[in-house]
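Each of the next two complexes has chain A plus one other chain: chain B in the first, chain C in the second.
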Partner chain A sequence: MRRALPEAWFAWLLVAPAVIFIGVIVAWPLAETVRLSFTDAKLNSESYVGFENYADLLSSSKTYETVIRTFYWMFLSVGLKLVLGLIGATLLNAAVPGRALFRVLVMPPWVIPIAIGCFGWLWLYNGHFGLISGMLQRFGILDGPFEFLAYKTSAFYSAIVTDVWIGTPMVTLFLLAAMQGVSRDLYEAAWVDGAGRWYRFRRITIPQIMPVLVSMALLSAIWTFNSFEIIWILTEGGPRGATTTLIVDTYKTAIGNYKFGEGAARAVIIVILLALFSLIYLFFLNKVNRKYGVK
Partner chain B sequence: MATLDLENISKSFGSAKVLHDIDLAIRDKEFVVFVGPSGCGKSTLLRIIAGLEESTAGKIVIGGQDVSGAHPVDRGISMVFQSYALYPHLSVFENIAFPLRVQKMGADDLKARVHRAADILQLTDKLQLKPGQLSGGQRQRVAIGRSIVREPKVFLFDEPLSNLDAALRGDMRVELSQLHRELNATMVYVTHDQVEAMTMADRIVVLNGGRVEQFGTPMELYHHPATKFVAGFIGQPNMNFVPGVVAGVDAAGVAVDLDAGGRLVLPIEADGAAKGDRVEVGMRPEDIRLGEGLSLNVKVIERLGGVTLAYGALGDDTRFCAALDGVAPAREGEPLALSIDPAACHLFNSDGRVMRRKAAPALVA
Partner chain C sequence: MMMDRYSLLQKIGIYLAVAIFLGFILLPFVEMFVVSLRPLEHLFSSPYRFWGENFSFDAYSRMWETVPLLGRYIWNSIFISGMVTGLTLIFVIPAAYAFARLEFPFKNGTLGIFLAVNMFTGAVLLIPLYRVLRTLGLLNTYWAMIVPGVAFLIPTGIWLLRSYLEKIPRELEEAAFVDGASRLYTLRRVVLPLAVPGLIVVSVAVFITAYAQQFLFAITFNQVRELQPLPAGLYEFIGYQDVTWNEMMAASLTGVLPVMLIFLFLQKYLVAGLTAGAVKE
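The block that comes next holds the complex of A and B.
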């Protein structure tokens, strides 16, 4: 018993840097955000308003539209990233000549700074000198110039395309790494048993990479939910709010309109939504890991 | 079940030839072991039989049917991998059932076959578990179960016991031999462990550098090794090779003056050897007795209880091992007088080919 106390102190000493670090960069800003959400803080004034910000948010139909749009944005984009990533990883994992070169060619969208990639897409989407509009006109699909980012529907899906373009390489590379970790013997055993390519993919590859696939889906979902730069550079949330997701709305409110209190309330709602989403996902991940033999 | 014939099988990877004109005729229901050191081509040969690797030349005939270009599933073989190759996400039942699911077998037949295999392998109470919950030996049995349910003509085993610890390996050797008797099947088994080969095989193929050194029963290989390589590979501890010079040849055999000193007259057919030829006398450690004629400078003693292994040098530099009685009065650092029955000796010419022994023990089939 006499040794227990010093040991406990020593343990605290060892974890102290991490605790302080997390306190400074996570706990304190989070607590401050929660505090601000109960105020009407602006540039030069701040007073306590209780749940008023939340009440305003929850009673506004615009909030629900934004939440639905955000989830739609997230599910569509993540779904596309996973499907394309899976296809890409499968192709890159296949024994084809020049495989190493293709693996390198997949990287640029991920390696290029997001802002630069987005400016490239901004030009591509331009109706008058953009490549896409030009090509579609040349092939006779468009009669004249089309500004992809000027209309609500096309702007939304254009932003999705850009987000998928930037996010897919990482998914591809993680899934490729997972696929390469699958023992060759499993495929050979199945091949000897007469299992065809699709059967092996369905019964061996997918289950074997499932834990990574699910983890990637969770991470990708959180990043996509919070994806800000892409939308901001392409459309600033427009036209007429068509690409305004929760994070863009929060930025516009807090930083654009200097309504820090209202912005903080939105941020808190994002945290709650993501926490709920993560909990559901972690529960699911745990089940997947157990089912596929990881635990 | 079926015969397996390999006719002039060669395999090259780029400019490197790893198998040279392999010709083997494996009989129906025979347990044949491919044995050899790492890189001798034994696993490649097995993979060629399985259809996982294509041979550069030659023919594979299973049950009288040329299957050289056939898909593995059409060859009537099944294979057990060194790593077991079990699907970690599937239960034992589903692992064993996997080949049958691929064949789209009906549920009742499938269940019956899996339960029959599980029964043979004592896995019935483990069918619902995942491979991760099994011991090494049980996993190996599941892998074998997956082979059994396909009811193949030929079973192929690629070093299936090498991931197990020594004690379990011994148990599994016995189990595999029993399984062979129960299934009455043709089995080809690859290992680098000569003890596995000796204990399990009906016949052994010794491979070296992509060539068949010898194909015969374990006792043939032990008592009549065709080459110095086989003689050195089969038997534990390894055979001693004592260099010398042919001193004369007569009706009694070949007289050899050992470099380490002393003369042995060996009852061996001269096979063209003449006075003055360099030769090597092969002496198995277990044939050495305490006596006169050989003087061993003992460096290390290993007492195993029933047996004492004395390691050292004959003369100045001929490495030598003697397997003596458990209480043999050998001491490290002291000379030990030994003898050997000349009839127990083997004689190899300078090319490593053996000269035929006149008085070898009768072979046990």
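The block that comes next holds the complex of A and C.
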């Protein structure tokens, strides 16, 4: 075989543009974020302040509230997405007429711009004229109009519902693909042995799709942790901070108030928390994979 | 197959559950459409009525006056997503080929770094990105929305295309090599034509994602109204005290039409391509 260029050189030539681009737009800003977090950078000034931003954050009880709220937001939303996704995938995997159509109908929330979906939900949550409040009043569950986004608790859970609505289609789709990849021989063997549907689902489907389920959970967790648009459009982090997750807090501090240094410290904390979470998760993932005999 | 048979009761149960599931997914769209058809004074009447008389498509003609730049917003959305898609492919095609076919030092490490980029959304890096774009003089231009979009979609693109390329048999490339073709020639004339279905999947996935995620970069890096994509452009009107909801919903639905059409035409390939990595060989 003729070799004009060693393989490794050629490969690096092909990879280099992407690496350099990512380096400039992602890696360098990341390093810059770390540097800025040790300064009090504002719009036109900046000076080194050491660990002051971090000390401020760590000594404020608001920070801990925000961190706990963010993890609560993530676990609840991801849990719901996975449960609904699993139910949805199982339903769409059932051999009934019309399932090809159902599969298409699941996907619109994922295809349309996140912001546009949120505009629809803004109206649905409207207390006086929106569908949800209106229906609940009609059925006698509510006495009068209820503004879902105006109260701390209801605003938080409303944002969760919208986040789940946007995230569920993709989880459904990937779990469905995993289910369809499970060998039919396994089911047939179990069926011949007289295993019922529920038994087959528990002992064949679940273990077989486990690798996809756990990687979906991690990806979904990272996206949900960083979910910004939904909260911003629905509540801008309010009322009274009830929906302010770390990412919203970072945005408000840095972009809203031009406190770049303090915002950068928050961004660094997000990266550290996500990295820690991923490491712990991957540790458990290894155990799960070993248990189910996956390489 | 006998195994797949359901009793009548089971069938009813499945369809009922599907109806509830799809109801949750589609209800907001139905309501958006119904709202777009109702006159404003009907919308703002208590008690709530799901249905109403006087349905009309008036909002679809009046929205162009209320939102004078609506056509421009939709065009901007398509333009930005198109540019993001084109640029992403330029970076992704060679890199995905290298990861799929060639051996080189630090290969796994580099791939790992690309995947780690998925962990950061733009929101974490907004501050330095803002300053980089300001220094480069790109704030308030299309590039302020295109460049970050490309960076965050390259890893996904590489991942998708790599798994597609790995499924193409190597024999053809090896035959071309034996005939004395250069590596670059082989990539352009042998591999790319075979990879067209995969390239379509990656393009559509990147386009849809770029279309879906324009909001944050647009509201942060661009203040010029004429350049705003649809979500950012409409957001301004949603924030007003008196929202003309029927027109906003009409504008929203009109604005998602292009991407919905693309999706409907290509959904079969898209779904198969996106989930290919999830299915074991």
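Following the convention adopted for this analysis, the second predicted complex is superposed on the first by the 275 of 295 C-alpha atoms of A that agree within 3 Å, B and C clash if a C-alpha of one lies under 4 Å from a C-alpha of the other, contacts with A are read in each partner's own complex, and residues count from 1 in each chain.
Everything below uses one rule, namely that a contact is a pair of C-beta atoms (placed from the backbone, for glycine too) under 8 Å apart; a residue touches a chain by one contact, two chains touch by 3 or more.
Note that this is a predicted model, so its numbers are computed, not measured.
Annotation: superposed three-chain arrangement on chain A; chain B versus chain C shows no clash, the two fitting side by side. In the superposition on chain A, A:V67 contacts neither chain B nor chain C.
Using the contact criterion defined above for the overlaid structures, shared-chain residue A:L142 touches neither chain B nor chain C, since it reaches no partner.
Contact with chain B, but none with chain C, is seen for A:K291 once the two complexes are overlaid on the shared chain.
In the superposed model, A:Q180 lies in contact with chain C only, and not with chain B. More chain A residues lie in contact with C than with the other chain of the pair chain B and chain C. Using the contact criterion defined above for the overlaid structures, shared-chain residue A:I204 touches chain B, although it does not reach chain C.
Applying the stated contact rule after C-alpha superposition, one finds that A:M107 touches chain C and leaves chain B untouched. By the document's definition of touching, of the two partners only chain B reaches A:A195; chain C does not. Once both structures are fitted on chain A, no C-alpha atom of chain B lies closer than 5 Å to one of chain C. Within chain A, the residues touching chain B in one complex and chain C in the other are 188, 191.
Those residues of chain A lying in contact with chain C across their complex are 1-2, 4-5, 7-8, 10-15, 17-19, 21-22, 24-26, 28-30, 32-33, 36, 84, 87-88, 91-92, 94-96, 102-117, 119-124, 128-131, 133-135, 137-138, 145, 165, 168-169, 173-174, 176-178, 180-181, 187-188, 191, 212, 219, 222-223, 226, 228-229, 233, 247, 250-251, 254-255, 260, 263-264, 267, 270-271, 274-275, 278. The residues of chain A lying in touch with chain B in their complex are 183, 185-186, 188-195, 199, 203-204, 207-208, 210, 291-293. Note for the complex: chain C touches chain A at residues 1-4, 6, 11, 14-15, 17-18, 21-22, 24-29, 31-32, 35, 43-50, 77, 90-92, 94-95, 97-99, 102-105, 107, 110, 113-114, 117-121, 123-132, 147-148, 150-152, 154-155, 158, 177-178, 180, 182-183, 208, 211-216, 220, 230-232, 234-235, 238, 245, 248-249, 252, 255-256, 259-260, 263-264, 267, 271, 274-276, 278-280. Considering their complex, residues 50-52, 71-73, 77-79, 81-85, 87-90, 98-99, 102-103, 130-132, 146, 150 of chain B touch chain A.
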